[in-house]
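Below are two complexes that have chain A in common, paired first with chain B and then with chain C.
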Partner chain A sequence: MTTATVSPLPADLLSSRKPAPFSLARRTIMTPVLLSLLILAIAGLTVLSGSKPFNQAVIDVFVRVTLVVGLYIFIGNSGVLSFGHIGFTCMGAYAAAWLTINPIMKKSALPGLPQWLLETRLPYWQSAFLAALFAGVAALVFGRVLMRLSGIAASIATFAMLAMINTIYSNWEDVTGATSSVVGIPIVRTIWPYVGAAIISIFIAWGHAISRAGLALRAARDEPTAAAASGVDIPRARLVAFTISGAVMGLGGALMAHSIGVVTPDTFYLGLTFITLSMLVVGGMGSLSGAVIGVVLLSALIQALRWLEAGVAIGSTTFGLPKGLQEIALGVIMIVILALRPAGLIGNREITSFRRSSRKQSSQQ
Partner chain B sequence: MGQLSAKNVSVAFAGLKALSSVTLDITPGHISGLIGPNGAGKTTLVNVLTGFQMPTEGAVELDGHSLDRLKPHQVRRRGIARTFQGGRLFRDLAVIDNLEVTGVGLGMSRRSAVAEAAAMLDWIGISALGDRIAGTLPYTDERRVAIGRALMGQPAYILLDEPAAGMSSHEAGDLSALIRRIARERGCGVLLIEHNVGLVLGLCDHIVVLDSGAVIEEGTPAAIRDSEKVRHAYMGTAVDTDLPVLEALQ
Partner chain C sequence: MLQIVFDGLSLGSLYALGALGIALIFGVMRLVNFAHGDVIAFCIFALLWPSTDAMAVVFAGQLPWYLLVPLVLVVGAGLSVLCEILVFRRFRRASPATMMIASFALGFVIRYFLLMLFTSRPKSISLLPMLSQPVEIFGARLPLLQLITIVATVVILIGLSLFLRRTRFGLEMRAAAENFSMARMLGVRANRVIMGAFALSGALAGAIALIFGSQTGTADIQMGASIMLMAFIATVIGGLGSLAGAVLAGFLLGGASVVMQVVLPVDARPFRDAFVYGAVILILLFRPQGLIAARGTKERV
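So, the complex of A and B:
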């Protein structure tokens, strides 16, 4: 039988056309660099401000950048809307809790954990790495089944996965504390680990986008039939993205746990799913730049609405907006942006310092 | 010599027979034609040959080995390429990236894929289009890019589904020259599915005529031109739309 015929054209024909090594990486590197500079600039201003509440608010922004970039890796490249990724964030957060809480507290609060885990206590950065690995492996296992589905069936299946994870974490009392809060997670208040995680996630997303799997997946998103006829194994390309994005979501979950010091299953359910998906949609689902800018803009808006909900004192009177307005405002903004710019604020473009190559880069990423 | 064969292939959709015991061979280096009125089952046969449609009966064989149960991407990796009616390019990607997708789909590194894609664009004569976004191309250029995408990785067979649709006679002439080069210079076995019967009669070594899912005639272009059955098949359908076909058959 004829085997796969992938023999290249004659060497003399190829040699004149051979692109310089890493030319694609060089052509597209400005996007993650500029996004990282944006993150660093925000972090620098935050440190200079010296405000602790502002520091905490910006830490929340960087955690969301990690989460939304994680979502982008799968949703943006595959075009399959996933409602289940916050399940991997939940897994990452609890893994970080299991690995970092004081063993004495663990033995009383989570007695069902295996002995080795009860006695383990790692630094936060090691726990974050292992949490990402744990969530990535979970995504690989779930993805083996889910990635065979397409369209609305895949989206509903991811939602079912989220419900399953939430149900397990809400009921496995000896291991997760069920619906009770798991406390005692070391809180990391310095901003730099969160900056590092956001930048790492941006570079992981960029690395995937310029990889073979990333190109094949975007082709399958646009024309699945033609992609299959081009030799693309679509479920496999989706599985690669699902696994990588699951790991990034797990990393985000670990950071979230270390930023607030307490986890409950409901923290990682519909509310967080809605907010992170909104940020991705508003920024632009098909763009890494859109994912990051969507988080920054919507986080700024949410923070402003929170302050307004808390009340603003003018003279002797305090004016406050009704509670819950931020969710309503987010919904309204999402609807308006989807109506006016269905591809989001950034669309499918990427920010880059080279205007001439912007169109080409959008096709590469 | 190897061969891609459909052997007694039948396909039924909810009781309706789209193909009835069709047998067809494609040989490397030769151009075969598949013609027939609208609804004859031509595209269904291409779908069967490329793994997009499972036959209800019969089998597809490559060099004597069955391709049954292979998925479309696995069929492509065995060297059987195809194009689609309407091009179906990846519209948001640059032209060169469209070709590169096939390269990476076949297991090449991005670097080798982009090198072969550039060489392929050169070979077809559309290097200048490499950086254009595929969705902005005129119709005829789309067809040539689709052919270039299918030729990546040196397939042994290429199935062209109505590549000349909507082309002027001058453009169809250029396309003919390209198809000849694909068979002669690359040694590819070509199956040409086309409504432009004049183009098929002028290009192909062997022609199969389908009507209502069954083979009603096959043979050399001269034999097909002289066939009463073929003329009757076209006259029995939409006479207005098939007038050029009848002229080609005169």
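So, the complex of A and C:
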């Protein structure tokens, strides 16, 4: 049914005449649609199975899809490896906690919050939206400074940003509860909000990728000098992607808070940073399909290993009996995949429907 | 006052040694090695007998120091070379991002291997206990260990720079760091140089493990991570691939941490690291290529 093809963009640049309105959108829409169908299919299977632990595991997968797609929006399009995005997830999660915890509990646990925030209590979807907005604004502010850098200096600066956010959140006693966990976040157990968020983030990523800023950014990723010479304002294009991806990461953070009900600063630190980055790189850093498929495959692998290890359902994240074997196997498998396919499983291609791809290939020749 | 200077110097020594270990490998193969921190942890656990008790059963730690120190260094170098042969050799042509993630995955494997044998609980160990006695210098009371840390770092740095400048192998390594393909064409053996860099870097990890282990008196699986983060940042601030820059930036970061601890008002002290990282971003903004830019790292168009 489906096959992977080369990205349609080069053909686009070759043609001299002005393309029809929305032609790019029409030719690439299959990718987000197919990925959404994949998400919906997984969700449908989960609902049919009716198993509670499986439901929770799939919710985790969808949260990670949102996070990794958020990473892809910046990293995939700009080619700059960012270690800092989980910082925005942290901000989003805490913002969701501030907005949704019962005011009575909030007064005793987090007395340092401003009065209006102490009294508000929103439904989870409103808080998730505001959390995304908050993280997006934070990304805009940080991005104004960081996007002037490029290459490895930018990566390290984002790393420093992550460490900075983590230090602040794990020490600001009366606003974030320092390193102790913030409890009382309403837990959402139905799967559909997470499905919705994953699909929304996929479409946001697609919309950004075919927008003017997204195209300019990918041009700058592949040929920075030529792009700059053609009038691409690279820091600006990067800032747009950074802000959008920051907002998506914030959304993912809010969902993560609602899926587990507890937030601590160290949930959103190096561990999560590396697992999400690994999923992106293993799937294929330069492709939206790679981001989604990387998450689904690696998550399935982690689950399978956990079941093999424990013999029972999930929940072996804390101390189990032969603890560690699962992680070792995961690391080894990741190294093998990367050694065999250095560009990731999908590489730079995208999934589209078979018929369209054959026509595209003929038009290129 | 003198106390602050020595605190800064000894913390800076750790960061500098860590940064050097990363910069050596980055120089020859453009790999940012995230597994380095786990190599550090492995070195310290190599001295312990596998057990799940909180009090560690030290089996090699009882050795006299003149055997203990070389043993740890050899363990570090051996593990590091093993990583190169088993894993990184397959990634010579991969992109930096892929290599970085592979090194992270490798670190993950090492960390959970340790976790399987020793559990994640920190263990108290007494490594070289005679070093914790205080000594008096210029009216300041310092732990002997701090002094030894600084002296050992200086000795290591001098030794390393002599090695890199005076020996043939050092020359080959510097040539490879500057322009790897050109060096190969001129007859430098790639595998030998890269393995040498990994061995040196692993030995440095062993040195850090010894110093850190005897400073804190605990062996913790996570112990490499905190040093690594700073060392990693120091490598970039110093100018990736530049060894002198890495050392300088390591000491700078150590000094900055200690000075901020003293200078900041009490309320802001828990946020010390946030200020240090903020300073890092500022430095990068003004000198994105690092304090001492290495030759050959700038991309040509």
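A few points about this structure:
The rule is simple: the second predicted complex is superposed on the first by the 324 of 365 C-alpha atoms of A that agree within 3 Å, B and C clash if a C-alpha of one lies under 4 Å from a C-alpha of the other, contacts with A are read in each partner's own complex, and residues count from 1 in each chain.
As a working rule, a residue touches a chain if its C-beta (ideal position, glycine included) is under 8 Å from a C-beta of that chain, and two chains touch if they have at least 3 such contacts.
None of the values given here were measured: they were computed from a predicted structure.
When the two complexes are overlaid on their common chain A, residue A:I234 makes contact with chain B while staying clear of chain C. In the superposition on chain A, contact is made by A:T225 with both chain B and chain C.
Contacts of A:A163 after superposition on the shared chain: chain C is touched, whereas chain B is not. Of the two partner chains placed by the overlay, only chain B lies in contact with A:N348; chain C stays clear of it. In the superposition on chain A, A:L215 contacts chain B only, with no contact to chain C. Touch criterion not met for A:L48: it reaches neither chain B nor chain C. Put simply, chain A uses residues 225 to touch chain B in one complex and chain C in the other.
Within the complex formed with chain A, the chain B residues making contact are 2, 50, 52, 62-65, 71-73, 76-79, 81-82, 84, 88-94, 97-98, 100-116, 118-120, 122-123, 131, 133, 149-150, 152-156.
Residues 32, 87, 90-91, 93-98, 100-102, 104-106, 108-109, 111-113, 115-116, 119-120, 225, 229, 232-233, 236-237, 240, 270-274, 277-278, 280-281, 284-285, 288-290, 301 of chain C are the ones touching chain A in the complex. Across the complex, chain A meets chain B through its residues 1-9, 13-14, 17-19, 21, 24, 210-212, 215-216, 218-219, 222-223, 225-234, 348, 359-360, 362-364. Within the complex, the chain A residues that touch chain C are 81, 145-146, 148-153, 156-157, 159-161, 163-164, 167-168, 171, 225, 270, 274, 277-278, 281-282, 285, 319, 322-325, 327-328, 330-332, 334-335, 338-339, 342-344.
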